[in-house]
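Two complexes are shown next, each including chain A; its partner changes from chain B in the first to chain C in the second.
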Partner chain A sequence: MTTLAQQFWTMDVPAGLTAVFAALACGVLGSFLVLRKQALMGDAISHAVLPGIVIAFLLTGSRATLPVLVGAAVAGVLTVVLVEALCRLARVEAQASMGVVFSLLFALGVILVRRTADRVDLDPDCVLYGQLETIFWERLTGPVALLDPTVWADAPHQLASTGAIALLSVAAVTILFKELRIAAFDPGLATAQGFRAGVLHYVLMVLVACAVVASFEAVGSILVVAMLVCPAASARLLTDRLSSHVWLSALISAASAAAGYVIAGFGPAAVARLTGWDIAGEALSASGMIAATSGLVLAAAIFLAPSHGVVARAIRRRRLRARIDREDLLASLFRDEEQHRPSDAAVFRAATVRAARRLGQVDFEPGGTRIRLTESGRTEARRLIRAHRLWEGYLVDELGARPDQVHRTATELEHVTDAAMDRELAPPGAERRDQSGKPVPPRDS
Partner chain B sequence: MTDRPPPTPTPGTVAATQAPRPGGLADRPEHSPESPLSIHDVTVAYHRRPVLWDIDYDAPPVAPDSGRLIAIVGPNGAGKSTLIKACLGLVPRASGTVEVFGLPAERQRAIIGYVPQRESVDWDFPVSALDVVAMGLYGRIGWFRPVTRRWRERARAALDQVGLADLAGRQISQLSGGQQQRVFLARALAQDARLYFMDEPFAGVDAATERAIVDVLRDFRARGRTVVVVHHALATVPEYFDDVLLLNMRIVAAGPVETTFTKDNLRKTYGGRLTLLDQAAQALALAEEPR
Partner chain C sequence: MSLTDTSISFPPWSQVFDVLAFRQGYNTSAVVLGTTLLGLAAGTVGVFTLLRRRALMGDVLAHATLPGIALAFLAATALGMEGRSLPVLLLGAAATAVLAAAAVQAVTRHTRLTEDTAMAAALSVFFGVGVVLLMVIARMPVGNQGGLKTFILGQTAAMTGRDTMLIGGLALAAFVVTGLVYKELRLVCFDAGYARARGWPVGALDLLMMALVVTITVVGLQAVGLVLVIALVIIPPTAARFWTSQLGVMLPVSAAIGAISGYLGAAVSALIPRLPTGAIIVLTAGAVFIVSMLAAPHRGLLATALRALALRRRTAEHHVLRALFESRETGAPPSLRELRGIGGAVARLDRRGLLTGRGASMALTARGLSQAAQITRNHRLWEQFLVDYAELAPSHVDFSADRVEHVLTPDLVAELEAAAAARGRLPTPAGAELIPSVHPLRSPDAGGGP
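Right, the complex of A and B next:
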């Protein structure tokens, strides 16, 4: 049991925290990338920084975090500059330009790694997929060890770099929130007010480059793209406010990282214990699980988001359909009344009739299948018929439509006519007539 | 931003480029430092093709209680939006200077307001109407400082002035086109600038919004502001504006509506879309292309 607990502190805590910090930075910065419709820029930078890392490594001969970060940041900025230059000079769209730049720079990086393989302890696989599993904090044997400052000196560099970039990203977005908001929403106004949108763009891109590099060792350069995009896209479906969007994105990202890490580490054993399947020894990739979790969260948000989700939209559509059916029923009953025709409930959908009855707008005539309008139903029907006939008159008189062709259009428009439109359709003094000479019911006072 | 093509040599720029004046426009007798907007010798080119040639214009000085509403009118492609963007520094000028109350426009940002075309922003962006209006105050709030309650109250007052106080918290995609235009207008109000540029504020708005815009314009005039508006509907120019600037790649005529907005000038502006200048601009652009 002690070994398990020790393993938790020496391996799982630093590795899990590294993943969470990386995700936090990506979540915060990704929200701005997604809103600026530049999510691909994260992808581009995450690939294009490879040559920067290798060159920094070749120049300094060390894998220390700082030179690698600087090299990557330079390559990241270079990517942004090249993308914009290519847009302008080759007159291609931004997305195409990103595609060209990052594939070229990535290829350059791969060549550099292969050419110098004997001197360089850099493994492309590690850059692509990360190596969360190798993070190890030997002297962190328990929570008490954190009180000892010498233990901190021994902290894994991945934890330090992702922690630093997470802190930097959160601080930058907090301090520059207003500036980033205006630059993303309206670059012209931002620049006109002295907040150079171009400068803010580069600040954001440098942060993204740093976050991407720091996250390499946690989730790898391919999966970091998932962390930049998925949480931000999920958050956008859940809120309409920028501040909650940014922090929700960060929260979703960090939670996906924690959950993904836990599932990868303890999932197979837990499933084996529950089901008896012989998979306890199977290993799941932590970075893969983290990306998969963030993808699942996005999928859930797409379906279940309270107002932008697929389910919510379907419910709203159904309700609208039901209201239109009910309103059509009322209008039809009103026309029957006008012409002294009895109305047979059987020609309408039973659910529609039930809904109208529940609202007290129709009731059955005693002992029969015939239905009629109640007083409140008649008031509503009068409003609809009025709108319908006003629209017919308007379409013919003002827009020159053929009188025999306006009924269908008016039938659609009558359901969305509000009081303001009614006033414009029937200005005082100009009482309209329906095309076939039927009276337009008066407006309710 | 700056690596645009070098100044296009045109007949009018020669003198200016040979001897830059240390005193700026103030040395030119016809340019008054009290002018809210002095445009001198501005030429703008896209991909080496000039879209504005040798623009020279001085807005008349204003009194504290009587401003000036100026319409920029001209056919499609005449460079109307480009002219105000060049004044704002949003598109690079190939040559020329723009001064606002006697100082370079770049140094007067705090007193210049801008209402862009409605299509120029992403209306799905997660901000509320109030957030957008508050953006007009960012210049005065300054770098790094948060938007405090005091500023939000100011933004709310501006929204109230265009009749949208009830919709302050609404996400901007849930506003009608006219309401969106009024949000932009409220932002301009909040900004409280002395010189405004508006890019087609009347395009595709409902009657209520058109009235709201006219009210705001008249309010600006009553408070001594100068408002330069790109305008499409010729019929309303005499009713809404004091001055008119007829533009078709160059300034055809500029001055008070009564004397400038004449049939003759309009014909010169709109008649014969492909003017000699336009042909020359195309030839310039093509001169660089491979044959």
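Right, the complex of A and C next:
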């Protein structure tokens, strides 16, 4: 077995899996944070765990995982409680109370670290960046080794803690899904149905605190925020259903973590080999790269999401404008026909005329610049003029608008009138004429 | 090993005085002056971000400076300049911070994502990119990169006199600009919709506000670090908010809290070794915040708690008075047992001469009788109003009336009287006589309320 393959199993597999587990937990929980407009709570918690870690460290005098995790979890839950208390009791605005609480706790942590630097081998930097690179599973030499139970005893604790929180988050969200859904969208209804939305909020926040705590050691506290928010925000743009939102968010999160880890670990070497540049082909900060990857995914979702993306919305707007222009052209030609006026193609935008010709709704009179409606164009125009004049009649008769002021409104509404609205606007049987006495064209059967 | 053996050697008083009076050498004085100006400007700008409900925007911008610092270092080194030069690094920091602010604004406007989501995403992604870039720099063969990380937690020891001049000057400029656009920012903070309708460039003013926050953030990087500079923008205005509801008062109070925190924090960390300046400044501001939160006269927690206590006491007294009054009407003994926690109320009423006796012989004095009549009347007026106008069943109004009767002002009572008179419920139109209850009064044999 080559050393490279060995390194893959002893270092990359446990570190990559740790990142994926952390991402999974954050992705599942983050979708609720994003929906409840609590996205910044992850940021607050991730800063505020620092004093908890230091104090646990000082009290036990060891870097053992459990006390540090407990200390951090206590600080995390304390953050949530204090933020809520400031909001409710002291009526401080939500963002401000988060800012006050976490910056004070972080400052306390920084001072504790600095004052005890000679005894505490703890770098605030590693809380911020995480140390994915130090995870090492010595006895995992290959997939076969997993079958040996003694190998498991030596699994890195980061892998265990992130795996546990991933399992816990997925289980909690699966079991409490119905309650969380109601609480996310309608806390009042949730309370009326007999479970306390406030308690559920705390359950969610405690889970977030645990996820932040279990993950910060591996991916760093700021980067936990990326995993809590970016995948959930991407999912928010891709789907409207809560259940698919949650699982999509988890999937995107885990995929970003895996991809970010691979890019950080193998990217520099690959670039060096491909380009021949003399750069050090060592791994980059995996946690930073994971955050950057999840940001890239979010940027892609912002632009390319099928119905909520910026591009899709721009295309929809353009199409709508083109249709309205074309319909205005048809209606104008219809009015010209009514008045026996010749129509000049030059007054319309060339693109609009081209589109209408392509649809076979207008054609040019032989050998001239005059355009006229085809039969199918006239049918469409009749529908529009009918809608326009029905709306004018409705606005005057039913809403009491002044007859000389309804034309503009009717011009806007005619483009969005479908057959059902037409039926409601037109009283059965009565043959209508509009305000200036022009006939309302009959409905096409 | 314990927390307590981190002994802090306290400096002599003469040295304390020297530092506070700017007489402890040029460098220390410059740092203290610089952080004071920083606190002043941050306290001023922070008021507007707090009122615009964007308090954490400073946090986002601060984290977003990291890639800018790294990129500026890379660019300057590539051009053969001194990579550690403060103006270059601050320029880079400001550039990516502005980019982050623009990204947040664009995402909020053009997608369905909410502002807090956009903020958290921008914060973490920019910081992640910054971490990667810092690592790239650390791998580069160029030297002199060691100091870049000091921006994350701040290090006043790394500040030179010239740096301090730059920092103080920028902070002062932000302070002055805020003063110049005071009126416009005030309007945007309180009613953005109205401002837009009146033709104010709300988007541009928001950007200007963000630019001011960026300036503060960038200025504060070296003194307090990018994680904690946010505290200077949030804590002073939040503390000031407890003391006043007027912007004109809040601004100077917030600026003063910021300046004092900067001044004291820098002084303390200059006097006592191994105390990080940024954290001390933040904790000083935090102390002011906690005092404000507890002790502020109207919005403070102590004042609020006292008001709540007073209301609870008044409510209990009203309950006792009404129970005694109604027992006179029905002839049954007062059903005081149902009222919990009235022991203190009875004693207080006794002290004020409104009732005499205890237990079965408890009775209202003449003064107590007239007050009890008034209270009972208010209760019944409100019940009558609920029955007549809110169309509640007479058997259901007692509880609701119970919660409102204690906070009825004379104006409201007058309106209730008018409403009752309109329905012919008052015995004489303008009379102050008692009106009958809309539901049967509690009687001992019924055992409970209606």
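Note that in this section the second predicted complex is superposed on the first by the 388 of 445 C-alpha atoms of A that agree within 3 Å, B and C clash if a C-alpha of one lies under 4 Å from a C-alpha of the other, contacts with A are read in each partner's own complex, and residues count from 1 in each chain.
By definition in this document, a contact is a pair of C-beta atoms (placed from the backbone, for glycine too) under 8 Å apart; a residue touches a chain by one contact, two chains touch by 3 or more.
Keep in mind it's a predicted model, so treat the numbers as computed, not measured.
S.K.: After the chain A overlay, clash or fit between chain B and chain C?
M.R.: The answer is clash.
S.K.: For A:192, select first, second, both or neither according to whether it touches chain B, chain C, the two together, or no partner.
M.R.: Only chain B; A:192 stays clear of chain C.
S.K.: Of the partners chain B and chain C, which touch A:236 in the superposed model: first, second, both, neither?
M.R.: In the superposition, A:236 touches chain B and chain C alike.
S.K.: When both complexes are superposed, which of chain B and chain C contacts more residues belonging to chain A?
M.R.: C
S.K.: With both complexes superposed on chain A, which partner does A:245 reach: first (chain B), second (chain C), both or neither?
M.R.: first
S.K.: Should A:270 be classified as contacting the first partner (chain B), the second (chain C), both, or neither?
M.R.: neither
S.K.: Per the contact definition in the header, classify A:175: touching chain B only (first), chain C only (second), both, or neither.
M.R.: After superposing on A, A:175 lies in contact with chain B but is clear of chain C.
S.K.: Going by the clash criterion at the top, which of the stretches 243-251, 315-323 or 351-359 from chain C hits chain B after superposition?
M.R.: For chain C, the clashing option is 315-323.
S.K.: Residues of chain A that sit at the chain B interface in one complex and at the chain C interface in the other, please.
M.R.: Looking at chain A, the two contact sets intersect at 37, 236.
S.K.: Chain A touches which residues of chain B in the complex?
M.R.: Touch residues, chain B against chain A: 1, 85, 88-90, 109-110, 112, 114, 116, 120-122, 125-128, 131-132, 135-136, 138-139, 141, 143-147, 171, 187.
S.K.: Inside the complex, what are the residues of chain C that reach chain A?
M.R.: Of all residues in chain C, those touching chain A are 1-3, 6, 50, 53-56, 58-59, 63, 107, 110-114, 116-121, 123-125, 127-132, 134-136, 139, 149, 152-153, 227-228, 230-231, 234-235, 237-238, 241-242, 274-276, 278-280, 282-283, 286, 289, 293, 299, 301, 304.
S.K.: Quick check on the complex: what are the chain A residues that touch chain C?
M.R.: Contacts found on chain A: 34, 37-40, 42-43, 47, 55, 58-59, 61, 86, 89-93, 95-100, 103-104, 106-108, 110-111, 114-117, 119, 124-125, 128-129, 220, 222-223, 225-226, 228-230, 232-233, 236-237, 264, 279-280, 282, 284-285, 287-292, 294-295, 298, 302, 308-310, 313.
S.K.: Under the definition above, what is the set of chain A residues touching chain B in their complex?
M.R.: Chain A residues touching chain B: 35, 37, 175-179, 181-182, 184-186, 188-195, 198, 236, 239-242, 245.
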